[in-house]
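In the two complexes that follow, chain A is the common piece, with chain B as its partner first and chain C second.
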Partner chain A sequence: MANKLNVNPTRMVLTNLKRRLKVARRGHKLLKDKRDELMKKFLEIVRQNKEMREKVEEMLQKAHSSFVMARAVTPTEIIEEALMFPKKKISLEVSTKNIMSVDVPVLSFNTEGDSNDIGDIYPYGFATTSGELDVAIATFSEVVPYMLRLAELEKSAQLLAEEIEKTRRRVNALEYVMIPNLNETIKYINMKLDENERGNLTRLMKVKDMMLEQARQKG
Partner chain B sequence: MIYMSKIGVIGDKDSILGFKALGFSVFPAVSKEDAEQKLNDLAKQDYAVIYIVEQTAQLVADSIAQYKEQRFPAIIPIPGNQGSLGIGMQSVKASVEKAVGADILFREE
Partner chain C sequence: MSKKNETNFLYAVAKIKAIENRLLDKSKIERMLDAYTPEDALKVITEADYGYSVSEVSDAHIYEVLLEEEMQKTIKLLSDISPQKEIFDIFMQKNDYHNVKVLLKAEFLGIEKDENLVETGAIELRKMKMSVKERSFIDFPPILRQAINDSLDTFGRTNDPQSIDLILDQACYKQMLESAKSLNNDFVTGLVKALIDTVNIKMFMRLRALKKNWDFAQRVLLKGGSIDTDVYINNLESPVDSVIELLRYTSYGNVCESGIEDFKNTGSVAALEKLCDNYIMGYVKKAKYLSMGMAPLIAYYVAKETEIKNVRIVMTGKINKLPNEQIKERLRDLYV
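Here is the complex of A and B:
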């Protein structure tokens, strides 16, 4: 239901309102385009997100089960001791990418370690630990790039969802409140002005009649 | 703008020990209070990504929700060694519902 704004029905207000209507229509169109584009990007990302999550969950499942195997054959203290000091250090490089005015994170990681050998991921000597632990650690290290990609995608999806919701609310506010209200008010002012015009015309005709009557009586 | 950051993992000790070997910073937490405090601490520091084991994540769902709208940190639930609870998938689903208004990704299942 469109409500008319509380304004004086004058020509100046009418001009102002017409200008505002034009701006509102333009904004509405732009926001609508933005919403559609955001939606397109979002669906793209969220599809990847779903696939990536399925993959990561499956891989982690495997990693955990091999880790459980390792724990079964090796005493807890030895495992904890072996993993106490990680050999590698992962540092995360964070930057942002702009998707339709939403800043989404871009992550890439570097590993720093004593050795440059990529295969050398075990922070312990092989004397006390079992082969199962090696397998478990290897599986875990395989998951890492996927986990980071997942983090990137999932956060992007969340941020985009937020922005889409906001944009949609604005589009709807313009479409269903602002623009109908302006239209209604413009209509009201037009009618009021026309009514004044007609009133004025009748009055003039009446005065003319009276003047003619007077002239006839004199003459 | 590019800057360096760290990766944190929160969860029960058994599930996160494996990540320690990879160079992630791990923070064992089992109780709700513990996990909440760790999470808030890490969010204040320069951790861009915090992985949280699902069993722990379900205890602190409220705290996680409050970081959802911020750019960092990204808090990502991962399955622990007791298997997946589906919390991670649910959050993907939730963001779809939020954006689209209806669930269109998971409908076929």
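Here is the complex of A and C:
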């Protein structure tokens, strides 16, 4: 059972409360709409996220298994030497995008230097390394954009989830606490005022009776 | 080479013949494959007296250390018993070039990467480090000196780390061939030529897969093999079948045919790489029944190298829980 607010039962407070109730109802409706919309967006992102994650995991799996094979046929120090000096540099840019007033990150990366030669990601010589290393490196480099997209999606999902939680808490607070409380209080004030009214009426009637009595005695 | 020189190796060859039996044979490798855990697989090689340090091994991941120690041990043994130390230069020089690569790259990156250096170079590691640091290469063989200067120059202009590897790889095999020639031994020269050819074939297929242009191929392919680099370069873009046709009548016909066939089906050079290694093994096996000369020693070295490669394949496979067939697919032929 909701509790009434601790206020003076006056007409002015009543009008105030009524105004607050109206605002609360409106807010409740708006927030509920926001929550539903967020939920829709969230589910969409989660679905994309799942697909992306499966894809990335599959690619990483592939890359790792070729890498394991490359490691198996090449001595460690040669692999380490081959990979110690990367040929390409990429720079990462982070900007934001607004989804239902939630700022989600947008990641984009640029490969520095000559990007025409896409095959040119191998920083090592071919004489000492194995062909399986080529496959591993190619797959790893292929997976980078997907991993960035995945990071973007996962962060978005996380941020949206937080926002949804917050909104839902607000909706619930309005729905189950604020609005019932206001209703209760308004009812209370109304009753109190009615009670006063009735008290006044009876008092008046009583006075009237008394006055009539006095007049009769005099007369 | 005169008869007298050949007989110089009598003791060494006899000793090697005795040791040869201790190489891991098929059944030992099978035992490793059948092992349930990587630790059990490791037991096989510790039993075979690998490395210096450990008898009781708890962690399978130290196998890398064992393998490295075993390599050092082999080189020490061979140079101890060989009356002519230079004969192993062809293999040890490879490590020099590796060390130079590491040192140069580390310097350009401004980091220390000493764990990637190998001890078993022809030039002592400490000296090598000093020389590279101070840019004084007077004591180095001319080919190495030239190559270092070239890579310093090229890297300075292009900032391309790959060029270091390309120049040094190129020089490395040139050096190996030169050292082999100076030994005046047909077996060794033939071996280095076969190495160059197989490396070229492997690289050729990879270059094709990576769609590199002929200009790049020119920098990558090694000179001095029995197949001229022009042959590869001219066929960089021709269809796979014609490549098989092209190489069919070289001594690598069989290797290429099934290796490239496999490449066509799977897009992976793994099988070709294995066949190339097997070809080299087949080549050195010729020395198995020789009782004189340096050939059996060289053969033993190659056999040991292959054995270590096999052990690495099995151990990596076991640690990463790969299915046995997948491991077996990659195992190289054995010497014994």
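Going forward, the second predicted complex is superposed on the first by the 215 of 219 C-alpha atoms of A that agree within 3 Å, B and C clash if a C-alpha of one lies under 4 Å from a C-alpha of the other, contacts with A are read in each partner's own complex, and residues count from 1 in each chain.
Criterion: contacts are C-beta pairs under 8 Å (C-beta built on N, C-alpha and C of every residue); 3 or more make two chains touch, one makes a residue touch a chain.
Note that this is a predicted model, so its numbers are computed, not measured.
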With both structures lined up on chain A, is it a clash or a fit for chain B and chain C?
-> fit
Considering only the touch criterion stated at the top, classify A:209 as touching first (chain B), second (chain C), both, or neither.
-> neither
In the superposed arrangement, which partner chain does A:80 touch: chain B (first), chain C (second), both, or neither?
-> both
Would you sort A:134 into first (chain B), second (chain C), both or neither based on which partner it touches?
-> second
Who does A:72 touch here: chain B (first), chain C (second), both, or neither?
-> second
Touch check for A:44: first (chain B), second (chain C), both, or neither?
-> neither
Touched partner set for A:93, first chain B, second chain C, both or neither = first
With both structures placed on chain A, which of the two partners, chain B or chain C, ends up touching more residues of chain A?
-> B
Shortest distance over all C-alpha pairs of chain B and chain C after overlay on A, integer Å, is 6
Between chain B and chain C, which residues of chain A are contacted by each of them?
-> 68, 71, 80, 86-87, 122-123
As the complex stands, chain C meets chain A at residues 64, 67-68, 98, 101-102, 105-106, 108-109, 113, 115-118, 160-162, 164-166, 168-170, 172-173, 199, 202-203, 205-207, 209-212, 220, 222, 268-270, 272-273, 309, 312-313, 316-317, 320, 322, 330
Seen from chain A, its contact residues with chain C in the complex are 68-69, 71-73, 75-78, 80-82, 84-87, 119, 122-128, 130-132, 134-135
Chain B-touching residues of chain A, taken from the complex the two chains share | 39, 42-43, 46-47, 49-50, 53, 56-57, 60-61, 63-65, 67-68, 71, 79-80, 83, 86-96, 103-105, 107, 109, 111, 113, 121-123, 136-137, 140-141, 144, 147-148, 150-152, 154-155, 157-162, 164-165
Contact residues on chain B for chain A in the complex?
-> 1-7, 14-15, 17-24, 48-49, 51, 68-69, 71-72, 74, 76, 78-81, 83-84, 88-89, 91-92, 95-96, 98-100, 105
